Every structure is written in C-alpha cells, then in structure tokens.
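Below is a structure I'd like to ask you about.
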Amino acid sequence: MVELVWLIPALPLAGFAILLVAGPRLGEPRAGWLATAASAGSFLLTLITFGGLLGLESAEDGGAGGHGGRSFVSTLFEWMPIGGLEVDAALLVDPLSMTMALFVTGVGTLIHLYSVGYMGGDPKYSKFFLYLNLFLFSMLMLVLGENMVVTFLGWEGVGTCSYLLISFWHERPTAATAGKKAFVTNRIGDFGFMVATFLLWTALGTVSYTGIAALSGGLATGTATAVSLLLLLAAAGKSAQLPLYVWLPDAMEGPTPVSAMVHAATMVTAGVYLLVRLNPVLTDTALLIIAIVGAATALFAALAAVAQHDIKKVLAYSTISQLGYMFLAIGSGAYVAAIFHVVTHAFFKGLLFLGSGSVIHGLGDEQDMRRMGGLRAVMPITAVTFIVGWLAIAGVPPLSGFWSKDEILLAAWEQSDIGPLLWAVGLVTALLTAYYMSRQTFLVFFGGQRWDDGAHPHESPPTMTLPLVLLAGAAAIGGIMNLPLVKDWLVLEHFLEPVLAHPHHFSSGTGTKLLLALIAVVAALGGIAVAIRAWLQARIPADRLEPALLENVFYLDSTISNFVGGPGTKAFDAAATADRRFVDGAVNGVAKLVRMLGQAVRPLQSGYLRHYASGVAVGAIALVIWLALRGVS
Amino acid sequence: MSAGALLAASGSGIDFPILNALIFVPAVGALVVALLPRSRPDLARPMGALFAGIGGALALALAWQFDTAAAADAESVGEGFQFISQQSWIPDLGISWHVGVDGISLWLVVLTSVIVPIVLAGVDPHHDPKPYTAWMLLLQAGSVGAFVALDLFLFFVMFEVVLVPMYLLIAGWGYDGRRYAATKFFIYTMAGSALLLVAIIATAVLGSPDSGITFDLVTLAEGQGLATNAARLCFVAFAIAFLVKVPAVPLHTWLPDAHTEAPTAGSVVLAAVLLKLGTYGLLRFGLYLFPEASDWAAPVLVTVGVVGVIWGAITAAMQRDLKRLVAYSSVAHMGFIVLGIFAFTAEAIGGGVIQMVNHGISTGALFLLVGMLYERRRTRQIDELAGIQSAAPVYAGVFTLIMLSSIGVPGLNGFVGEFLILIGSFETRRWWTVVAATGVILAALYLLWAYQRVFHGPPAAADRQTADLRKGELLTLAPFVIAAVALGVYPKPLLNATEPAADTLLEHLVEHSDFELPDPGDPVIVDAGDGADAHDGDDH
Amino acid sequence: MPSLDELFDETFASPGVDWWVLVPQIILVSAALGLLLVASLAPRALPAWASTIVTIATGAAVAVTAAIQWTDWGSAPRSTLAGAFVSDGFSLLITVLVGAGVVMTALVAHSALDRYAMAPPEFAALLLASAAGAVVMAGANDLIVLFLGLESLSIALYVLIALAGRRASARESAMKYFVLGAFSSAFFLYGIALVYGATGGTNLSGISEFLFGTIRDNDYLLLAGVALLLVGLGFKIAAVPFHFWAPDVYEGAPSPVTGYLASIAKAAGFAALARVLYVAVFQQGTAWSPVIVALAFASLAVGAVMAICQSDVKRMLAFSSISHAGFVLVGLAAVDPDIVDGLWANFAGSVGAAADLGDGVSSAVFYLVVYSFMALGSFAVLSAVVGSSTDPDDGTSRHDVSRYSGLARRRPVLALAFAVLLLAQAGVPLTAGFVAKFEVIRAAVGEGIYVLAAVAMVTAVVSAFAYLRVVLAMYAPEGAAASEDDAPTARVSRPRWGDLPLTTVLAIALAVAVTLVIGVLPQTLLEWSADAALSIFP
Amino acid sequence: MVEVVVFAVAAAACLVGAIGVVLSRNPVHAALMLVMTLFGIAVLFVAQQAHFIAAVQVIVYAGAIVVLFLFVIMLLGVDRATELSMGALPAQRWTAAAFGLGGAAVLIWLVAAVDRLFKGAKSLALETAGVTDAGAGSDPTDYVADVSALARSLFSDYVYAFELTSLLLIVAVIGTVILARRSGYGADGPRADQPGAGQYSGNASEAASTGTSSEAGQ
Amino acid sequence: MSGLEVVTSWYLVLGALLFIIGGTGLLVRRNPLIMLMCVELMLNGVNLSFIAFADRFGDVHGQTVVLFVLVVAAAEVVVGLGLVVAVLRASPRATADDLSALRG
C-alpha cells in the first residue's frame, strides 16, 4: 500500500490542473468542492499509506541507531542525473514524513472545507482553490521528498503559493507588498537551504536523506556545524525565526484560511521539519544556537503579541512565538517534542485562525479587536471552539497544548549548557502566551458590544463551523499522541524514534518533571488571571499593558524596512547609476573620444592645396630621414 | 517535406545532411521570401514561418535521432560529434565546411530552430513583413551555423554574420532609440570579435600540425599545438569576444539598449539565441581549444560570472523600463552560465548548457510578454502601469509562471540549470558559488518588485482596459510555457545527451592542464577548515 | 634595300620584342586612338553608346587577353623589351583587374556622362589611356617605365576629372590632384635619381641583382631613394601622410571617375609598390618593412577616424579608402626579416619559405582585387542615387547622408546592394571584404606582426561605424520612425527600375556578385593571388 | 680651375633664377627667372658631357615650355604683379620653412658624401662595363655620351620607355585639347560658382541644358 | 690635380638645392602658374642629379632618363596649363588657396 504514496501529492496536483483549465467554468461552489475532495482524497490516501507503513517490518532490531527502521522509498523517475549527481524524483515514506503528511492533509482538508464557505462570493473563487491545491501539493512534496532537492521543490513551492495567496487580493497594495516581502524573505532562507545542500553533496556525495543519514557520521564537525547553521538559516526564513520573522505578520494580508493553513499549521512548520529530518547532521554547537534563536524568538514574539490590536496579528505573533518553542525543542535535542508541538500547534492554531476568520467573516471583514466584544452571544459555535483553542495554547491541562509545551520546557531545562535559562525564557513565554490569548478571547467574545451598528454579526455557515468543531476536538485531545504519563503511551516518540540519530531521553526524575509541569500550569493560570483583571474587570488600564514599543514590535520591522527602503535602495540605485554613468559611460566615452579625435584631426584636412603639399613634403623628409638613417651602417 | 519523411530517409541508410539542411532551409527560405512579389506582403510571414518551421521540425528530428549511447561511448570530444558533414571549402587555408553536433550544441540548435518559427508566426512586425521575415530566417540560419560549426573559420563567419540581420531588425523595426542601439550592438560585438579574428588566425597559424595550416577545431584542439603563453594570449582574445557576447559585466552595456530598442521578435531571438553564442563559444572554443589557458584564467572568468550575477540583478532592480529590466536579468542569468562553465565539473557544465536553453525559454517568453504589453499600452515604463492582473488575469498568470521560472523556482526549467550550476560549481569554486547563490535572492527581489508594480495594486482607467491575451498570443506562448514546465520536471533527456559531452570535455581539460576533477564525497574535501569558514559566513 | 639593322653598327642589338606580352596595352591604346580618330573625323557617326560599348569591349578584351596569357604561360615571369616590362602572374592579375575596372567604370559612366557634360569618346579614350598606364605600372620592371606608366595614368586622370570642369568642384578637384600629383611625381623622380645614383641602374631586376651581388658599406643613398619612391607611390595609393588630396579629389570628381580612382589607380599604385619593394629592394626588407608598418598604422587610423566624422557619403568612402589602403599596406608589410636572409642564403630550392614569403603580397593582391570591386560598386551606387534624384536646395552636399535616408523603402534592391557593399567594406563575413581582411591578418600574424594585426582590426571596427551610419540612414531613417502605425499598404510610390540606368545597375550587380561570390568561395582567387604573389619574386 | 669657375657661374645663375622664380611678384618675371635657371642647368649639362641633353634642355624647356608659360600668362592676362605674401594659411610658413631648411639639410647630407660612397664601391653600370673602381669612371674621356650613344641607349634598354612617351604625349595632347575646348564652360556658367559661393548651385541649369530624361523622372 | 676640383657631389648638392627651392616655392606661392614653375624647378634639380650620376658612372643611361623626364615635364606642363586656364577663366583672380571649397 505504501506504493500508492505518489498518489498523495498527485491528487492535489490533479485538482490544481483541473482548476487551472476549467476553474472559472466550474464556478462557485463546485471548484471549492473539487479542491476539497482532492485534499480529502489525499488525506485518505495518506491514511492508507500510513497503514502500509505500519505494516512494514519494523527493523528496530537491525541497523545501527535505528536507521534501518521502517521506511519505503518510491522512486518516480530520475530528475537531474548528471555527473556524480543523482537527483531522483522520489518520495520517502517513513514515520516522520507520514506524521507530517497526516496532519498536513488532515488540517488541510478541514481548511479547504472551511474555505468553501469563507471564500463564497469572491470573484476569484476558483483561483483561490487552485492556489490552495497547489500549496497542498507543494507541502506534500516538501514532507514526502526523499532528498533535499525534492524537499526544496516543495519548499520553494509552498513559498510561491504563500506569495500567491498572501497577495491574493492584489489590488490592495499592502497585500501585494506583503506577498513580495514573504517571498523575498523566504528566499534568504532558501539561500541557506541551497548552500547546505551543496555542502552536503560536496562532502557526502549524496543529497538523499537516507544517504545523508547513513554517511553523516563521516562529516567533519566544522562542516556539519556549517551545514546545521545554513539549515537554521533556511528554517528561520521559512519558520519566521529572528531575524527573518518579519514577513509573517504582514502575511496576514492574505485570506484567513490561508493564514490558518499556510502561516500557522503547515508551511511555517517546514523549518522544524527540515531540522528534524536532518537531525543526524546537527552538531552540539549548532543545537545550542538553534535553542537560543528559538527561545529568543519565542519571547520576542510573545511580547509583541501582547500589544497587537489586529485579531490576526495577535495570532501571527503567537505563531512565531510557538515556532520559537519548536526551535527551542530542537535545540534541546527533543525532536519528538518539536514534532509533537508542530502537530498540536497545527490543531489549535488552525482552529484559532479559522475562528478568527469566522469572526471576521461575521463582522464583515472587521479585524480590529477594539471593535469587537461580546460576540459569544451571536457566534456561539465559534466562541466555544475558540475558547478550546485558547485554553489549548495557553497550556491548560489536559488540552493538547499543555502536553507538548510541557515536554519542550522539560527538554529546555535539561539542556546541558544553559538549560535553566532557556527554561526560564520558555516559562515567561508561556505566561505571556496565556495572557495575550486570554486578552484576545476576552476582547473578542466577552465584554460589551464595540462593533459598529452597521455590522450584523452572525454565525458562519456549517462548512465553516464544521472544521472548527473538528479542530477543536483535535486540539482538545491531541495530547494523547504522546502522553508522558506512562512510557508506552509515548506513541509518537516510539514511532519517530527510527528517524532520529540521537533519540532524546529525559533524564529528570519524575519529581522534577511534576514540579516543572506544575510551575508551567501556574504560570499559564497566572497569565490568564492577569488578563482577567485587565480585560474582563478592567482593573488595570489598557494603555499600561500595551506600550508602544511592543505594539510596534521593538521597531525592528520598521527599522529593517527603513533600511531596505532607504540606504538599501540608495545603494542599489547608486549601482544602477554607476552602471549607466561609468560602465556604459566608458563605452560611449571611447566612442566619443574617437569622434573627438577625428574632429581634432579634421582641421588638417583644410581644403588648402598648399597644406596638403606640406603634408607630402614633410612626410617625404621624415621618410627619407628614417630610411636613410637605417641605411647608415 | 516532412520530418517524418526525413526520418524515414535517414533511417533507411541515406545519409541525409540534416545539419546542412538546418542551415540552408532557412537561408533558402529567406531568399524565397525576398523574391515574393511586392504586391503580396501578406505572404511573407506564412512563408517564412513555413521555412523556419521546417527547420524546427528538422531540429526536433535531429534531437530524436541523436544517439545518446554513441555519445556516451565517445572517448574524446572529437569523437562525440554526430551528424558530421565535412566538405572542402578553402583548401589552401585548411578551411572546410565542417559541421557536427554533440550534447552541448544539440540543444542550442533545437532551441534556435524552434524559437524562430514561433516568433515569426506569433509576432507581427507591423510593417515591411517581407524584409523582416527574410532577416529573421537568415538569423536562424546563421545562428544554427554557428552552433554546429566545427571549423574556426566557419564559426567566425557564422558568429559575425548573424550580426547583420539582427542589426537590421533592430534598426528597421525597433523603437525610438533604435539607431543608437543597433549601432552600439553591432560595433560593440564587432569590436569584441575583431580580436577574436586575430586570435583565431594566430591559433591556426601557430597551432596547426606540421602537415599544413588548418582551421579545423577538432584537429587543433586535440593537437594542442600552441605554446602555453601563445595559447593564453589567444584564449584571452577568445574570451573577451565571447564575454562581450554573453554579455559579462562590465562588457554588457550594449545589451540593455539592444534589447530595449529591438522589436519583440528581435529581443526574443537575441536573448534566446545570440547571447548563447558567447557562452557556447566559451565552452566549445575556450575550454576545448585552450584547456590549459582556461584553467589558468578560470578564477578571473568565474569572478566575472559571479559579478555578472550580482551586478545584473542589482541594476535590474532599479530599472524603470520593464524591457530593460528583463534585459538586465539576462546579464545575471548569463553570469550563472559563465560561472558554471568555468567551474569545471560535469554538473556545472551540464547545468550551464541547460541554463542556456532555459534562459532562452524564460527570457524569450518574458520578452514576448513585455512586447504584448507594449502592443496594448504603448509603454513599457513601470511607473505608467499598474494593476494589470485585474484586467488581464490570463496574461498575468502566464507572466507569473515565466517569472517564477526566471527566478528559479523548482519544478520549472530555470531551477534545473541554476541548481546544477551552483551545486557543480560549489565543488570547485566554493566561495564564488556562495556569492552567486545570493543572486537567487536578488532575482526574486527585482522580478517580484517589478511584477508588483506592474500587475498588482489598484489599476487606473487605462490599465483597466488592457485586453487579456488573445488566442493567437496564447498559442505563441504555449510552447514556452510547456517547455518551461516540461524541462523543469523532466530535464533528463537533455542531461543524458549533454553529460557525455561534458565528461569528455572535462577529461580533455584534465589531460591538458593541471586541473584535477573533484570527487564529491571524497573525504579530502571535507576538512574542518572549510567548515569553520562556512560557519563565519552566516549571521547568527 | 638595306635592312633596318644595317643602318646601325653591328654592336647594336635591338632588343627582342615579345609582342604577345604587349597585347593588352596595344589593345587599350589602339582602342583609345581609334575612338579619338572616329570622334574627330566623323563625330556624328559615334553615338554615346558606341563609345561605351567600345570601352567595355576593350576592357573585356584586355581582361580576357591577360587571362589567356596567364593560362598560356602560367605565372612564370616573361620579360621583354630589354627587361623593361615583365609579364608574370602578378602583372596579369592586375591587368585582368584593370580590364574589369574599365568595364565597370564605363558601365557606370555611361549614364553619368550627360550629367557631368562629358563627351563620351573623349572620356572613353582617356579612360583607356589611363588603363594602359595602369597596365604598364603593373608590369613595369624599370623605374623609368614605371614612372611613365604612372604619369600616363595620372595625366589621363587629371583630365578625366577636369572633363566635368563645368562644376567648380571638379575643377578644384582636378587642380588639387594635378598640383599635388606633379609635386609627388617630382619626389618620385628624385627617388629614381637617388636609386640610380646608389646602384647605377633603373631596372628593378638589375637593381636587385646588384644589391645581392655586391658588398656595400652602407645603403643610405639607396634607402633615401626608396623613401622618395615611397612618397610618390604613397601619394598614388593615398597612404597617410600623402593622402590629403584623396578626400577632396574623390568628392569633387564625377562618381564613376572616383570609383576608378579608388580602385584601378590605387591598384596600379600598389602593384608598382609591391614590385619596387619586393623585386628591387627586397634585400632591404628589414629596413623598409617598419616604414610600411608605420604607413599602414597611420593610414588605418586616420582613414577610420576621419571616416566617422563625415556626413558626406562620398567623402566618407574616400576616407575609408585610405583605411583600406592601410590594410593592403599591412599585407605588404608582412615580410619576415629572417626569411629575407634565409631565402637568399639558399635560394635554390626553399619553396616552403617562399610560400610563406608570398603570403603578404598574396593577401595584398587579394585585398586589392576585392576592394576594387567594392569601391567600384559603391561609387556606382552613389552615381545611381544622385542621378535619380534632384539636387538639394538646402545647402547640404550632393552626397550628404541624409539623402540616403529611407532608401531601403524607396529602392529596396539598390539599398540592399549598397548595404552589401558597405558591410563588405566593414568586413562582415560571407562577403569578399571579410576574406580579404582575413587574408591580410593571416599574413601579418604569420609574420608575427600581431600588434599591427590587432590595430588593423580595431580600426576596422571604427570604420564600420562610418558604414553603419549610411546603412542606418537607408534602413532606419531618422525622423520618420518606422513605427508600427505605418500600414504596409500606405507606401506612396512604388520604386521603378526604369529610372535607374541599366548600365549602372549592371555594374552594381556585377560588383555585388563578385563581392558575394568571392566572399563565399574565395578559393580560386586565393590561388590566383598566391600564384601572382609568388611570381614576382626573382 | 675653369671648370670650377664655370660651375660657380652656372650654379649661381641656377640658384638666383630659382630663388627669383619663388620670389617674383609678377609671373612674367618668374618665367624669365626660370629661363635663367634652365640656361644655367644647360651649361652644367655641357660641363658633364651631356651635350645633346643640354641642347634639348634649351630647346624644349627654354624654348617651348617657358614660352608656353608666357603664352598662358598673356592669354589669361594675369601678368600683373601678384601679392607675394604667404596668404592666410595657418602654419604654412612653418612647414614650408621646415621643408626648406630640413629638406635642404637632409638632401645635402645625403648627396654631399657621394664621392666617398663611390670609392671602392661597385655599381651596376660599372660592373657591366667591366669597370671596378667607380672613381676611375669619372674620367670624362672614358665614356662617350654622344648622340649615337644616347640613341643606342634609347633604342635598346629604354626602347619601351621611349614608346611609352608616345602614350604619354597622346594623353597630354588629348587632355590639352579637351581642357582648352572646355575651358569656356566656366565662363558661360553662372558667376555663382566663384569659390566660396556654393559650388553646386549651377547644377540646375546644367540639368536643364543637358536635358537628361532621368532627372525629369523624379 | 689642383686643390679645388668640381666633383659629382657639387652637382648633386646644386640639384638638391634646386629641388628644395622648387618644393619650398610650391609651398609658399599661391599663384598656380608660379607653382607650376616650381615643379619645373624641382624636375630640373632631378635632371641635374641624373646627369651628375651619369657622368660619374660614365653611363649614358642617366642622360637617357633625363630625356624622358623632359618629355614628362612637357606633358605635365601642357596639361597643367590647360587646367590653370580652365580654373582662371572661371575665376580670373583665383589663387591656389581659393580652391578650398572641398575640405573637412
């Protein structure tokens, strides 16, 4: 059954192709349903393949370091065979890729479904699904790719789709700019990806994951660290880590399902996936740097989220923050925790985005939280599901977020170099997360009505609420994938173990674990409590909690923009001017010089016979002198 | 005469001189078109497209008939040539009509022969169709000739002779600055090849075997009769001529003018075919003829290539004229190819060849698209356009696809070449490659920025009325789009044919110079020093 | 009856006359005299076309005769009249060229005679007489004979230009040419005197034998004489700095005569130069070669640089003609000093060395032949263009480049022909001009004069700019942009063949055909010029 | 010594005449000065055994050519004194001076040492004459340069050149006839073709007078 | 022999001087007729040299050459005067400097 793996990406691709040719003719809502069907089919096939994978002989007993574990490579054709390079269009079925594929297609399908309703009435309805299907295809190539080049295909593909989707409403200049910004920033990461690929190939002579995993032991530490850091650059671009996070908040210009799918659940986790996938290469130095980057990003974005007013911006910064968590986990060596959080995050952040979309939809495209409030009454399903998501992300047990976050904090604590510091940062972030999510929930669903009288908030249609409900369920119980209570319950961990070069094992005693978990819960509750005081009871003035520094995200983005728009553009312009004035100027200058030379000599051709005779006469004397002197022996 | 008949003919053992036909069919077509009655100007383009199309069909048949297995068996570059046709031409000087293709030239021949009929059929010159068509056909004949020539004299003849139709196309059917641009184009490239001629003669005079002077490429290259210093000097002259044609920074400034002022079809052919003469020349006449000198000069040339990548991208970003922007993007793309050629690995050289084809497809299509926009709006100024995507979604879609191909998004053709060049170059030219890879970022920057300004945003009234693509135009673009996708997904046939040629060329290089082929995965390369340096390159 | 010989004393041996060798000259002179005779005795019996036909026939006869002679006795030298005249492959090839030049000039002139108010028989007679002078120069093996040939050619040319003396420009042109010609003739003559003083003879082969046969303290008198000979011949071929007359005279002379001046007169000058340098003072090759190089440098550079400053097409072609002279000089300069010594050390059988040696002269001859046709064709086009349009009233000159504006629309074929000729002069491949440049460069490179070769090519690029300006004017007229709005049907007037004189068209067609055929298939001419070049070596 | 005196007188006549030609305001005077030079040269010819040539010199040059000059001067009526100044040509006086002084220096340097050059050297003519020492050949009695020797040379070694002079003379005759006949053209043409006054403006009437059909077609 | 002897080089120097004077005259005078006379001076200088060389060599060829030079001189003068007549008829006061419409 694993042989059918190629069908997983093929279905969305087929959906894309059909929509490309016949999209406008299919019209609304058939185009949407078609795309959703393709996505759902893909999900089903993933399930089937997953089953096939489970049926494969588990080779835990064979192969060093678990490398020979369950996996299956489906080679479709040779893509770029030349010289020593063999790049195949091949798909890899292994626990990691299946985990990713499952939640990608699963969440993806739900978001497709949600979009059927959400995008209703848009003039470019079919085009939206066209992009969405293409995105799904790319994302699947990313996670299923057997080598770095195929992954890169997906990697760039999702970037492209992200660009297309962010600037979907391209008549809005902000949307267009945001799309471009996302693509270009991603490209900076891609640079890292490419150079990492080159370095790995030069060093190991292969680009396939199985090959890299098998040969990575031979890598010199320096090379491995370089590769790791390049991969971190790649991942930072795609997963919006410092300092390349800048595109993600702007990406909220895209339609909300896009934010949910691309910029919360799937694409942004690609960086995490990549680092986990190439975990055999990562060195300790690199891991420490990854952890620091992750922790810093987590705290930074959480602080930024505290003071945002746009409902989606809060979620965007929250996403960045959570991604930071995942990087922290990777940096701490807890790859499974990272993937675990990827999955749970996909559930609750997808849920939250879709919920916010429902709100926006219901309020007629209003995104400012200061113009919401008390929506609990008019949008009950949305409100309930949103609350589930809120609690999940805040880390309130037993919802899924609690489990994954707890595991990350524990891993950070155990980080050998600066563990406690990392843990502390993570803890503060957790508190802030609980606070700003509570703030959002309260502002949107609780309190009094602050929306304009003209708006008529209403609950969304079933195509939108159904995914909300399903996702809420997943977000609530997602934790069961990897419950640390009993060793056998660590399903995900066992499942993923074969792909890890150095499986992580927690060393802390149960007491420590419990204590840390307790502190985390307290922190989360503390955050919620502050929010209650500030936003439900209005005991704390809002402006004290929303300093301009945070609202403007430490002025980092604007500084970068100003630099790019100012000195950066000036430098480029200087180059272009130099090209015109000096490089081309030199060429024209030579031409002009020759002309001027001609004009300078031209008076000699004066028209006067006697001048010409002078020329002959003087020339004759010169020749005579020259030749006669040569004749003197 | 159909391709099928020809296939049958060649299959049945009749030695059909297909390469000569590829040159002479368009040439004869030019003559026929020129002799058409004046009263029927409408016949010119169909006739021209017919002849050019026969050439295209022949070229496809050529690609079909190309024996990859035989190419793989070749033990030297000279043995790798197929469809060889050799006739004595000027025996006194050892000059012969010697043509043949290998995996390097094959695809350029196909590209040339296919693109010309497409643009002939698809682009309306608006006036004087007869001479226009005739010049286009001559352009095709000359370009194919240059790609298949295996004689230095013949190559130079073809290399130079294509200037004339191109010059007249720019001068006669171009835009406002056409006189300046055409002259600059002609003079600049002629200046480059002035020294080339001296070098060719010097190569033949000094490098010929004792049996007598010859201009035969294979004889001269396999013989390696030149002294080291003479070879280096000659190589420098060759390289300058080809770098002008490429064009490499800082010898590139003729290109933006020529491209901008040329008529659409001229720009397409210029980008797709003529620029390739430079890179092809570097491969065929630089590496093959002067392996030692190539190795000697490689650091400089690689630098030139990388500078081209970066400089082309930066300057492209600041252009106000859309066509000029595309032209500068050509400079960047061609820089990649130069890098690839002088990286001396099979991957990079193969990538270079692929990139030549790909650049022809994507930049050619971009010029077509810009031309179509100009037809509608009578302007190419980025400032004067906005929101075209709202008015012309199909047009915008095709543009997007081609743009992505040009940026090098995987799955489309542009990626394959760029990636292979970079990965191949990384083995031997690590730091240059790292710098060149930043060009990938810049490519996205300038193209997307331009795209945003032209296609996105709220359209003005004039923009709203921009008509979408017509059927004919779509048909013209279709081959480009199909090729862009097909070559991005399945470039293997191209690579299979090219690889043996690249391999034998590298063997030739190794044999005649100090250069040693790198071995990917060889632990020797992996040392801590490199890694530590790589570490410094990142900002964290 | 006592025979003529008996009137002389027995010691006198009348030199043998190989009449067959002299046939081309005899044809030319007798045709000229015949024409004059008929014209003066029965002026009405000789319509305009008759003179033209006679001229063409004579030219053709000369060319054919020379060709037959060549096939008859090969390129081996055959001297006659006490060694004063030699007929070898070299002189015969130039003779064929002269014949062809006469034919072309007559064709072009036919329609232009009226315009310049030139009397056909007189024009024809002078043309043929000057051609006779050119033939004499080509085969002259004696400095005095050479000088007389030069003078016949020159004086006939002065008068040919002055024939159009109703134009002030033609008078000025003739006067300048005459005074400067006489001036430089005096230098040439003084050169003969010095050479005579240094060697005691005027016979070229004799001088050569003397130089190789004697050991001398020094050669400064001889070389000063050679320098002065170079002045005279340099003037004829318009090499810098003796070139000043050329642009003015070319511009003022009637176009057909200009074509003749630029081609045949120049070819004759080069033939004489080659013979003097390579036959008489070949031993001094190391001495004069640098001088030729310098002249070549100067001619190439000045011709090219000045050409791009011209707005008058005829003047531009005049300057470019100077540049072309530079190219031929490059060929002549390509003499390897080592071979000079080596050749004579073992003159007996070193064919290989001689073959190398001939490269320079061979390339020069090739260039001359090719350039002659290009020049004749180009000036024929000028004649056709001016002849078919009215004179401008705006003060621009007759051949101002603006008059060629849009010629491609008005007369596509004529424009194409002109473009071919211009591009051929620029050295674009598949034209004879390219092969000619190729040959010259090959000769220079073969002798190791790389710098000169490179400079020559660079100046070729510079002068290409001048040619392109004309091509551009024809194909992309300035103001009226070939914009897309021009519907193809909106053409006002259709070009007609009828108003272009057939003879001129024929001449242009001939020139273009030669340019293209030699450009594609140069082998035959290459063999000929190689043969010709080898034949002048003693 | 007589020889020296003869040479001195004749040379002085030559030089005075030559300088007189250059410095005469009046063309007639110049022509007469030319005659003086020519006579001086004739005398020097005689001093060098070139009797026949001397005679021809007097007859042809002094008798024919100078007369022709004078005839033309009279014909055109330009026997007025003309300005002697150099005219307004820039740099001309410097190049003329350079040529005059430099040329004189160079040529004198060249030929002044000829006597030494000939010592011990062989020349083609002497070799064929069996004379080994050029110095010995300078004995005037050793060679006969009378008319018959001249004729023998003319009709043996230089017979071809001799024949060619006929071609030259024919050309000169035709040319002169044509020029003389055509010389009236400028006079009936419009005065506008004076130098500096647009030399092409006379063309319209030309076209009309010759009546070519080709021009009418345009 | 006495101390002062007329040697060939005297004649040659005289010839050279005549040649140079003639040449310089052509450069300084504007009257076309006088320019022609200057050319004659130059030719006479050459003639003198020829005769001197001939005398020195005891070779009659030098004299023969002078005959040809005479003929050429005559031919040149004849044609030259014809041209001068043509020019001066059109513009009687023209000097050589006035013939400068063609330039550049």
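For reference, chains read A, B, C, D and E in written order, and residue numbers begin at 1 within each chain.
Just so it is clear, contacts are C-beta pairs under 8 Å (C-beta built on N, C-alpha and C of every residue); 3 or more make two chains touch, one makes a residue touch a chain.
Because the structure is predicted, anything quoted here is derived from the model rather than measured.
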item: Where chain A and chain C overlap in contact partners, by chain label; value: B, D, E
item: Co-neighbours of chain B and chain A - touch as defined; value: C
item: Chain nearest the overall C-alpha centroid of the shown protein atoms; value: B
item: Pair with more cross-chain C-beta pairs in contact, given A-E and C-E; value: C-E
item: Approximate Å spacing (C-alpha centroids) for the pair chain C, chain D; value: 27
item: Chain centre separation (chain D, chain E; CA means) in Å; value: 3
item: Gap in Å, rounded to a whole number, between the CA centres of chain D and chain A; value: 98
item: Contacts with 2+ other chains: residues of chain B; value: 187
item: Residue numbers of chain D (touch at least two other chains); value: 87, 89, 92, 95-96, 99, 103, 107, 110-111, 114, 123, 125-126, 152, 157-158, 161, 165, 168, 171-172, 175, 178-179, 182-183, 185-186, 189, 193-195, 199
item: Interface hub residues of chain C, defined as touching at least two other chains; value: 144, 148, 151, 155, 158-159, 162, 165, 168-169, 171-172, 175-176, 179, 183, 194, 197, 200-201, 217-218, 220-221, 224, 247-248, 309, 465
item: Chain pairs that touch, as defined at the top of this document; value: A-B, A-C, A-D, A-E, B-C, C-D, C-E, D-E
item: Of all residues in chain A, those that touch chain C in their complex; value: 591, 594-595, 597-599, 601-602, 604-605, 607, 609, 611-613, 615-620, 623-624, 626-633
item: Sites on chain C touched by chain A in the complex; value: 175-176, 179-180, 183-184, 187, 217-224, 226-228, 230-231, 234-235, 241-245, 247-248, 284, 287-288, 291, 302, 305-306, 308-309, 462, 465
item: Touching residues on chain D, where the partner in the complex is chain C; value: 110-111, 114, 117, 120-127, 152, 155-161, 164-165, 167-168, 170-172, 174-175, 178-179, 182-183, 185-186, 189, 193-195, 198-200, 202-204, 206-207, 209-210, 212, 214-215, 217-218
item: Chain A residues within the chain D interface of the complex; value: 606, 608, 610-611, 614, 617-618, 620-621, 624-625, 628
item: Chain E-touching residues of chain A, taken from the complex the two chains share; value: 602, 605-610, 613-614, 617
